[in-house]
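Labels run A, B and C following the written order; every chain starts at residue 1.
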Amino acid sequence: MSEEKQNPSCPAGAGEPTAVRSSAPIWIIVVTLTLLFLGGIYFDHHSGWLNPRVYAPYDTADQLEASQPKSGAAAAMAHGKGVYETVCGICHGADGMGKPGVAPPLAGSDWVNTKGFYRLAHIPLCGVNGTIMVEGKQWSSAMAAMGAALSDDDLASVLTYIRGSWGNKGTAVGAEDIAKIRAAVGKAPAPNTGDQLMAMPE
Amino acid sequence: MKTSYGVFFAVLAALGASWAGFVLGPLIQLGAAQQTTVLNSTDVYPIQRPGLAAMGAQVYRSYGCAACHTRQVQQTGISFEVVLTSPGKDPVTVSNLLSTLKLTALTKEAADTAAKTLTDAGGKTETHLSATGADISRGWGSRHSVAADYLYDVPVELGTLRAGPDLANIGQRNPDANWQLVHLYAPKAVVKDSAMPSFKFLFQVRPVGAAPSPDALKLPAGFEAPAGMEVVPTAEGAELAAYLLSLHADAPLYEAPYTPATAKP
Amino acid sequence: MNPNATQPCGCSARDGKADASLQVPLLALFGGAALWLVAGLALGLIAGIKFHAPDFLGACPLLTYGRVVAAANNLVLYGFAIPAALGVMLWVLTRSSRMPLVLPLVPVAAANIWHLGVLVGVAGIFLGGSTGYPWLEFSRAAAVLQFTAFLLIAVSAAATLGWRREQELFPAHWFIYAALVWFAWTYSSANLFLNGVFPPRGVVQNIIDWWFTNNLLFVWLGLAGLGIGFYLLPRLGGRPLTCSGLTLFGFLGLIFFGTWCGIPIGAPVPAWLPVVSIVAALLTVPAIIALGLVSLRTALGAQAKCLGGPLCFTRFGLLMFFVSSLLYLLNFCPKVGPIVQFTWFGFGLTQLQLLGFFAMIVFGGIYEALPEVMGRPLPFAGLVRVHFFANMIGVLLFTVPLLIGGVAQGLKLLDATAPFADSTQTALKFLRISSLGQLFILVGAGLFALNLFVMTLQWKLALVKSLIAAAKAPLPDAEVKA
């Protein structure tokens, strides 16, 4: 029993409560909409846009990707991928599947999946002329010495990338090895045919 | 203004939205998560806890250890460091640059600029990433905790109060099984002025048999068992200690990268 | 609804039927609630003492700190807060619909099933069967019992309120109706996933637990507490609830935005989850301000003095709603959250929500409802004022040091040069004052329980007497005065 009521059976004014009908002040709606806008900006800047790999303190997927510490091999692969896409991918395809009549596939190719890379390195360094047999098919479109203009580092990393992508299981290629092969073939080597390449050791 | 239908539909919309966003959403996004690989390695992470440690997790749950201990490391930022791995053809210029450039506690852009400066001078550099934050500085972990750290745990007890230190990496900080057991038996024996209660009921004080048991605790002075007695853990005590020893959360991952101290260039 | 002030007061609803239908359900709900409250607060006091003397009652494995604090928290929330609030809500609904409670046996059975569930749950915690999820430590069996009981009461309440298609609802009813649906959905969903057969992988468990805890301790306590408070305040104060539009804004803001808070900053989950909570917390602030304004304006014009009675409880409770809600939302501010996380601040805040806001409002409701429903005054009416002051002082002594101590502890935790033990030592000074506050609250709760139990006894004795009198009465049309 509340102490205000002396008579439990019908004090004045103690009926069921009522509410004053009036609408909410406009300022509170405006404030809420402003906060909604600001909140949206905050979400845009910090949430990683629902990416499940982005955790605080990283704000975006790009920042997370850029911050990744790369080991030597991973750095070479990343670098090699960049070189490949600029130089080789136009003809051999970004997926390494080649283009009919243009360039043979690199994925699963016996030329790539070799133990050594001496023979393979001659292909971009010197170019290919005549016919070459790849995966049981004859290819006769010539290849320029696309690797001649690349630095030792770049050529080594692109060969590492090719040998480690699309299911290929070749080892990495070092820049020093490329330098040696380049020194051996000389400044403007002639392109090799398929048979000439096959005559080389792996 | 509002009828009961109106209220019902408002509630349906409001709670339905948050249910979809915070229950269904995470279930879809994270509910089928699998093991991931450690950064720059082929090791899988995490590995399921071995049997004794898995049973220890249930002991941890049943005694409510999460009431005082958290199991998550917080990280507030990242910092980069540029390290010279080879001076290259012009060591004099490079060493001059080393003394003028700021090479630690950098942002990514500053680190890239410093690395490029050194590389242009002929040197070879490496950029190292490390996590920053109070927990990291205290040695409680090397990077913030992520979902992968708790993949196989049921229940995942992250904790809400730090009346005691964080335990995410306790197996790494205190890898000595005897230390863990002594700490549970008599916390004040190993931590001065510890607020932790002693869990003596996880141990048994019994007479020494023909030879002291290999499981017997090595207690420091002032806390030893009475003469002729030894303290051995019960099954629960051994399980809990095994669980604590299994707590590691330090492997660098894609979501929580950092350059480990023993990284080879 | 009663828009016309010259209509007779609500005592026309206080006829024998409406009261009789409520008597046993309310006594069943309130009686168990009072018992659990005293038990929960006593356990909370023991837990508090364990911080000054870690080995207090340490030999018994059943009484480790982790189990005692989990039991205490769950008893106060599930043992006292929810059933007591449900009882008061049933009373509010019968008053408003001017009907007796539909199917009164259903809430009676439900009350007993609920209290059995609490018993099973608490026993489970002491015996080591806690689930490990904060605020959801009761075992599966207990959860099933509680959910069943809740559904039964909710159905009875909904049937009483009726489907008022043409009639508008008074604002308090929006909150009460929403609360009934809210608990059913969140409780069943959380238990299905966390207490079910196939728990989700990894941190998804914690996300669901945080969602549930927020929706229970912030949104549901708000809905139920404000539902009762917005009914009591105008009724006891004699002034209508100001500005239904502002109340509507607050209600919608609370349910649409408040439900998304809960994921702590820095949690080991993808960044979008805490960011959504941060934004939602920001957007809930206007709603809390609106509800605070409604409470303030309605209370300021009150024609009655509270004199330590239910109006005092209601006003203090509504003030604590405003303060505790803003502090809760402050947890999600990126500058503040990292300081107070993992400290006593969060614990103190939850106790402020439970004991400072919710318990106060529920006490006000019980002290107002019980004499009216039972048709007799409280046995110790003077103790109501003592209870109010004991609870008010106790809550302030308990929670304010925890809040301040938590901030101090948090600052020390963020200072990596300070050894960890410093943060615990800093907090201990404040914890001593908190334990004193717990004692005050326990005493107040004891007085409340005393009032309740003596009234129950008196009622039972009167019932027995009337039954005997009816049996002895020679004439078949003898009247029975209950």
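Note that a residue touches a chain if its C-beta (ideal position, glycine included) is under 8 Å from a C-beta of that chain, and two chains touch if they have at least 3 such contacts.
Just so you know, these numbers come straight off a predicted model, no measurement behind them.
J.: Could you tell me which pair, A-C or B-C, is linked by more C-beta pairs in contact?
T.: Of B-C and A-C, more C-beta pairs in contact link B-C.
J.: Looking at CA centres, what chain is most distant from subunit C?
T.: A
J.: Measure off the straight-line distance from the CA centroid of subunit A to the CA centroid of subunit B, and report it in whole Å.
T.: Computed value for the inter-centroid distance: 30 Å.
J.: As a quick test, compute the distance in whole Å between the mean CA positions of subunit B and subunit C.
T.: So the centre of subunit B lies 36 Å away from the centre of subunit C.
J.: Could you give the separation in Å between the centres of subunit A and subunit C, each centre being the mean of its C-alpha atoms?
T.: 53
J.: Could you list the positions in subunit A whose residues touch two or more of the other chains?
T.: Each of 21, 50, 52-56, 58 in subunit A touches at least two other chains.
J.: Can you tell me which residues of subunit B touch two or more of the remaining chains?
T.: Answer for subunit B, listing residues that touch two or more other chains: 1, 29-30, 76, 144, 146-147.
J.: Residues touching two or more other chains, restricted to subunit C: which are they?
T.: As it turns out, subunit C has residues touching two or more other chains at 244-245, 248, 266, 268-270, 276.
J.: Sort out for me which residues of subunit C touch subunit A in the complex.
T.: Touch residues, subunit C against subunit A: 1-3, 5, 7-11, 13-14, 95-96, 170-172, 230-231, 233-236, 238, 240-249, 253, 265-266, 268-272, 274-276, 278-280, 282-283, 285-286, 289-290, 303-305, 307-311, 367-368, 371-372, 377-378, 381, 384.
J.: Note which residues of subunit C are touching subunit B in the complex, please.
T.: It comes out as residues 50-51, 54-55, 58-61, 64-67, 69-70, 128-134, 161-165, 167-169, 173-174, 177-178, 181-182, 185-186, 189, 193-194, 199-208, 210-211, 215, 244-245, 248, 252, 255-256, 259-260, 262-263, 266-270, 273, 276, 338, 341-344, 346-347, 409, 413-416, 420-421, 423-425, 427-428.
J.: Within their complex, state which residues of subunit A touch subunit C.
T.: The touching residues are 1-4, 8-25, 28-29, 31-32, 35-36, 38-40, 42-43, 46-56, 58-59.
J.: List the residues on subunit A that touch subunit B in their complex, please.
T.: The contact residues of subunit A facing subunit B are 21, 50, 52-58, 63-64, 66-72, 74.
J.: Note which residues of subunit B are touching subunit C in the complex, please.
T.: 1-5, 7-8, 10-15, 17-19, 21-23, 26-27, 29-33, 61-68, 70, 72, 74, 76, 134, 137-138, 144-165, 187, 191-201
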